[in-house]
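Next up: some structures, all given as structure tokens.
Paired with chain B in one complex and with chain C in the other, chain A is shared by the two complexes that follow.
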Partner chain A sequence: MLHMIPGDPVSIALGPRATPEIQAAYAAKMHLDKPLIYQFLIFMGNVLQGDLGADVFSDRSVTTTMAEQLPFTVTLAVSAIGWAALVGIPLGCLSALKPNTWLDRFTGVLSVGTIAIPSFLVSIWAILLFSVTLRWMPVIGAGESGNILDQVHHLILPAFAVGLGWVGYLARMVRASMLEVMGENYIRSARAFGLRSRTIIFRYALKVAILPTITLIGIGFGSLLSGAVFAEIIFSRPGIGKLIYDMVLSRNFPVIQGAVLVTVGLYVFVTLIADLVVSWLDPRVRDSL
Partner chain B sequence: MDTKNLLEIRNLNVDFKTPRGRVHALREVSFNAPKGKIVGIVGESGSGKSTVIWAMTQLLAGNGVVEGGEIYFNGKNVLDFSEDELRAFRGEEASIVFQDPMTSQIPVLSYSQQMSDIAYRQRNKSFREKIEHSKQIMRKVGIPDTEQRVYQYPHQFSGGMRQRAGIAMALLMNPLMLIGDEPTTALDVTMEAQIIHLLRSLQEELKSTVMIVSHNLGLIAELCDEVVVMYAGEVVEQGGIRQIFHNAKHPYTQALLECDPARVSNRARFLPTIPGDLPDLHIRPNGCVFAPRCKYALQRCEQDRPETYVIEGTHNTKCHLLDSSRDQFGTSSTIERQVSKTETYDSSLKNIIDFEKPPILNVENLNVRFEIMGPLQALLRRNRKRFVDAVLDVSLHLRQGETLGLVGESGSGKTTLGRAILGLVPSSRGSVEFDGRLLTDLSESVLRNLRQDMAMMFQDPIGSLSPRKTVGALIAEPFSLHRKDKKNLEEEARKLCDMVNLPHSFLNRYPHELSGGQARRVGVARALALEPKLIIADEPTAGLDVSVQGEVLNLMRDLQARRKLSYLIVTHNLPVIRHICDRLAIMYLGRIVEQGNGEMIFQKPAHPYTEALVHGVPQPDPDKRRNLVSIEGEVPSLTNRPSGCEFHNRCKYVQEKCKTLMPQEKVLPDGRTVQCHFPLIN
Partner chain C sequence: MSINGLSRRALLQSIAFGSALSVASSIPGISFSASGGKLTVRFNRDMDSLDPGYYVGGHPDNDVNWCCMPALVHYDYVDGMAVWAKSPFVDRVEVVSPTRIEFKLKSGLMWSNGYGELTSEDVAFSYDRMAQSEWKGDYVAYDRTEIADKYSGALILKQAFAPFMTQTLSSGTGVIISKKATEAVGGKFTNDVPATCGPYVMEWKQGQYVRMTRNPEWTGTKPQYDEIYCPIVTEDSAAALAYEAGELDVAQISSDTYARYLKQVPADSKLTVAGALQYMWLGMNIDNPKMKDIRVRQAIQHAVDVSAINQGAYSGTAELSSGIVCPGLVGKRNQTGYSYDPAKAKALLDEAGVSGLSLTLRTLNNQERILASTIIQANLAAIGIAVEIMPLDSGPFWEMGQESKGDTWKDMEIWLMRYGSGPDPYGAFQWFVRDQVGIWNWERWSSDEFEKLYVELVAVSEAEERHKIAIRMQEIMEETGAYVFLTHEPEVFVHRDNISPRFAPSGETMLSYFKA
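For the complex of A and B:
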């Protein structure tokens, strides 16, 4: 894909005044004169050795850059999904237990609303309200390094903006699967055995209904790793999303390659973790492994 | 309230609110359950028999309302209970064994967790004591290795064991009343017999009161002391087991008993049916609820609601025909049990089997093998088999106009065999010859053309019809699938409708608007559309009420006689298949263990497994109760086939030789083949 965008890596790296000889030597060093498939194989070989290549401009190792940027994105994704889950799951649960009440209607409207509003819009409004008008929250950056409180303070608005849409998703998902589970035969039989409704809801229904939600959280976390780009740009936070954005603008191929690879790798890893959690909770899945 | 009754239900009325108005699901239901007795509630689907249980435990679906009546349990009216009293009542005083142990037990909790949850009220007991108690109950219901099994999950139990665990859970709090809601419907015949036996011995031991709700007359006859017959939300007749089964007075009870294929002993006739459909319960019926389908209906039956007429002791019924005061209608003796004049099987149809021509279907040594894990997985866990043999060396043949029944328990490979014959499942070895052509060698495109001559009737009648198409479109679908340009598809659909006795008005309906029997008829019409020579029917009567089963089978038989069809019928329902099959093939673990003339097999089974199956069917006659379970244990897993004769570990005639040596197929003097070292007849 990147090779189709105008902009030759060699002329970008060396500037417009480089002689053809220097250009050729650089291309040979970076294997750019070889066919695309060969370049890819060399790159993958290097990756397996922990070498993601070097920045075209600064010659810094991409691995180091990634190690610097990744924690910011991971923190943002974790806190966004975290608060979304803490609010969305109980909300979905409650509205499933009392269907067609005002709470259920409210959750329904809220879910559709939060899913529909794009996160960059939420970010801008949040900045307007909390930072510009009320002056409660800082606008840009990730806070001073070493000062945890300051960093948390800087995290609140972006996490709120990114996570809001997920509140709606999770509430809807939990509501749907909870409603389905509450209609299952085994819930009726638990009632018929005279179990307390507390036990039935939290021990029986929720344990089954939460399973698809865990998978969803895994996928959500993965997509936030790269999807946080809007929040990172608007709040000027360091992170993978912002890095990729900047590097695409400057055609810094090795960094883009490295960042995409790391994000994809993390995505796969997190989804795997989610599946493992599901198999830990569901003995049927455990036995079929 | 009589103290010898544990349960007294008085004039119970239950409505369900639906978008189309109220459904009057139960109307004036009254009956008693005497202490220490087994009471059976019998009725077809839609009779409201399960609604009685749910009303009694106050667990009706959200749109259900009790509109009146009293339910006295042990002297107290359940309908007056508070939420806390109800919770104590459920599980402690009345406990339910559910129909389908597959869906009624939570899959994510182990039995130890589920049972200790039920025992939460025993606060003085520690968790360990609760588990010990659970193990004790599990042993009592015949679950082996309770030390380990109590910690297992429902999916790790087989069907029969799971139902035993369900009984154990119901017994855990030592309830005054045990309620079985279709407790054996989801099980195989051999399992059913074991569960019936277990319930009876438990009742004798615990002296508890049991209530069994079922559509299965055989189960009721085997188990119960008192019977309540329900139809369309009303109790039409009740009484002692022999009074109901031997001296039924209500025309519905009589018709129901007559329809049961296990009761009909003479094979050579059409099965009796009850024509008509259940009344629409949105409208409260004015007269007798059964009048529209009753063959003795009088004018009065349509207008007046019948009172309860006491016949003798507890035996009473709601039927005008028993009103001794009436004069111009004749005497009550006219409805004494009479064998209905259903058409006897026309003898001219008997010889439609064409013995001149070679068989239309010839299967030789067919094998179907499924991969259960990939090579990598097999490598990771050594010494596990990668393949299972679902069908092993099966040979059979079918002549034109003949019906072959393929019988076996679940997991015997009978459905797989049916699909393999059609080429829907690839076979690994052996050959299938149809109409002189070898199917196993043909390419998919040639095979597709040949499938016009072989049709399949699927097991789930409604599920196998696309919900978005009208009946007319569904019936005409085979024409477009096989690119048969019939000029007038509607005309064809109407013709097929006539053939399966479906009114033309149904052509514009959608599958969900059909009853089970109607959906079956659409299935038959679809199968017949391209005028096939062979129809493979997978459980053609599964899920149908006895009064409708006959209708479908009679239709199939009638069409066979008119069109010289050959049928291969795959089923686990022996009584039904007896009335339609010329020959039977009994399958066990993918092999055919006995094959031959159907009636001979029924009269004198040669293989011990066949005998167990034939004797496993509960007879709808309380005088024919079995004292012994004909077969113990369960079907072994296909991954772990027993050595020698694969049936030896469940066979009651087992000898040393059977344990090591695999029996060869023998041909008996009457032409049957049997795979057994010691056939029961010589």
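For the complex of A and C:
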């Protein structure tokens, strides 16, 4: 795909004024003077030996770069999905337990609103309000390494911006599942046996209704690994998304290939974990495995 | 009641203020920057490589090297003109003849990591290596370094080369590296510099920041700030917001932000134009059948409203251009031989017997260029030329005029182009000589007089003579009809008003010279 982007990668990477010698050295270093299939085989051969290659400009190992950048993206994704789940799941439950009331309608409008607003807009508004006007929150960076308090302080706005849309998704998903589950025969039976509402909701209904939400959280986490790019750019946070964006602009192929491979691997891993959690919670799924 | 002249109230106020200050300082995100201790400066992009022989060049690699590595000369300014001046690493640098530059290093300047003292052998090693490196083009006139003693020597040029001091030695390619340390790592390095020597030492986190702190071994003049923290903020609008939120002390800003700040500068801030070494023009391919007639090209020169482009695309923040030599440099032209005159343009087209002409205007697809293209489209429509705008990504754009990249150059008619220059007019003219036709001279003209003047410009060192040569060279370019000179975009920085900055003419920061 990268090779299909118009333009000579050497000219783009080095700028228009690089001498022919610099261009030739760069092309050789990136194996651009070899056929595409050969380049792919070199990359895959190195990957199988645990070598993701080296940054074309700085010569740093791509593996080292990944190891440095990945924790920032994972932290941001976990924080964003985490707070979204903490707010979205109870909102969805409340909405389902009081259907067609003002609370349900308010939650519906709120959910659709949060889904509809792009995260980059939320980022900018949040910066203008909390950083520029009130000066409560920092705008750029990920905080001093080793200073947990500072890092958390730098995480609040990006996590808020990235997670806001997921509040709506999760609330709508939980509401729909809960409504379906609350109409099931075993819930009616539980009511007929005189169980308390709290027991019915938390012990029987939510346990089943939450299952599709867990799958959604898994998918959401995966998509945030690369989807956090807006927040990472606007807040100048290190991370995989921003790394890929910067490297695509400079056509630094080894880093792009390494970052995409790691992101895809992580996505598969997270989806697998979500499926395992669902099977652990749901005997029907477990038995079918 | 008072204690040694200090009233009880004043004492309590001082204690309260001091306590508040210390508490506030401990809260993350609240810092009292630019107070002499820490300076926070935006870096627009991450470092690529600090090895002057094999780096990509420009910001931020030069910004860092000028703080952490030696050089014989640095940029300075006299009456607003960029000049070379001896660096803090030398006792003496003198151009004793057009081909001989003598120097004497300061004694006792130590390389880090135990690589000993900075010596004339390091100077010779560095420049001999540059002459063989990927940047050997900058050292085309360099012959050798004669070592006189441990600290003294002379650079010998093969021929007189006027830009050598300002274009070659003062820029990033003039950085000196440690011979022993470089050889110890195999002759090349990137960002893990094997030995540094300068007022600052550097710590780098890829994609995050560069932090420079005082070098405890530095025996030269102490720089102002204990720490210079440079977060990497690639997005212009994010940088402006971070500056307004108080997180940055110095930030380069985009033309949009510049226009906004010109109306209202943020509190306690100043704007500084570091330079305007960009030159933008509307180019015309004189080999294209539609553009062969010089009267058509001259008609276009008269039809384009350059002021409207500056207002529409750059919010009036750029300097109008009259040639390719940029503001502040020897050879800057103040007036073109043509002016905006649609009636004259129409008359020239009629004289050429051209009607119903349609042209394709190729441009990079960024906001400013598209706006400028739209204005040109309207200007040319007014004289009966229909223009189709073709926005291009940087890849196809930068190779379209190069014969080695295909046949697109044959189809090129008109285009918007911008080049960057060094602090010497040579830096601009080098792309328009005969050898560059089909490489970077996309207008595809050549002139014997221009070639002769180019050789003179490089050899002559007397400023007034060089000025005359550069002016005539730009007149020749204009007379081809292949250029409508448009703008010089400025490199603008916003900074706290208690900071006195210094920038290279090409827009890099010279952080060790910043003062509070």
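Operating definition for what follows: the second predicted complex is superposed on the first by the 258 of 289 C-alpha atoms of A that agree within 3 Å, B and C clash if a C-alpha of one lies under 4 Å from a C-alpha of the other, contacts with A are read in each partner's own complex, and residues count from 1 in each chain.
Please note the rule applied: a residue touches a chain if its C-beta (ideal position, glycine included) is under 8 Å from a C-beta of that chain, and two chains touch if they have at least 3 such contacts.
As the structure is a computational prediction, the values presented were derived from the model and not from experiment.
Colleague: Does chain A have more residues touched by chain B or by chain C?
Modeller: The partner that reaches more residues of chain A in the superposed model: C.
Colleague: Touch test for A:N100: chain B only (first), chain C only (second), both, or neither?
Modeller: Touch status of A:N100: no partner.
Colleague: Go through the superposed model and pick first if A:S236 touches only chain B, second if only chain C, both, or neither.
Modeller: The answer is second: A:S236 touches chain C but not chain B.
Colleague: Classify the contacts of A:D150 with the two partner chains as first (chain B alone), second (chain C alone), both, or neither.
Modeller: second
Colleague: Would you sort A:Y204 into first (chain B), second (chain C), both or neither based on which partner it touches?
Modeller: first
Colleague: With the two structures laid over each other on chain A, which partner does A:T65 touch: chain B (first), chain C (second), both, or neither?
Modeller: Only chain C; A:T65 stays clear of chain B.
Colleague: Spell out the residues on chain C that touch chain A in their complex, using ranges where they run on.
Modeller: Interface residues on the chain C side: 28-30, 45-49, 56, 134, 136-137, 190-191, 205-209, 231-235, 237-239, 241-242, 244-248, 393-399, 405, 440.
Colleague: Enumerate the contact residues on chain A facing chain C in the complex.
Modeller: For this pair, the touching residues of chain A are 5-9, 11-12, 14-17, 19, 21-22, 25, 57-60, 65, 68-69, 124, 127-128, 131-132, 135-145, 147, 149-150, 153-154, 233-236, 238, 242-243, 246.
Colleague: Note which residues of chain A are touching chain B in the complex, please.
Modeller: 184-186, 188-196, 199, 203-204, 207-208, 281-284, 287
Colleague: Under the definition above, what is the set of chain B residues touching chain A in their complex?
Modeller: 57, 59, 86-92, 95-96, 98, 100, 103-110, 117-118, 120-121, 153, 155-156, 169-170
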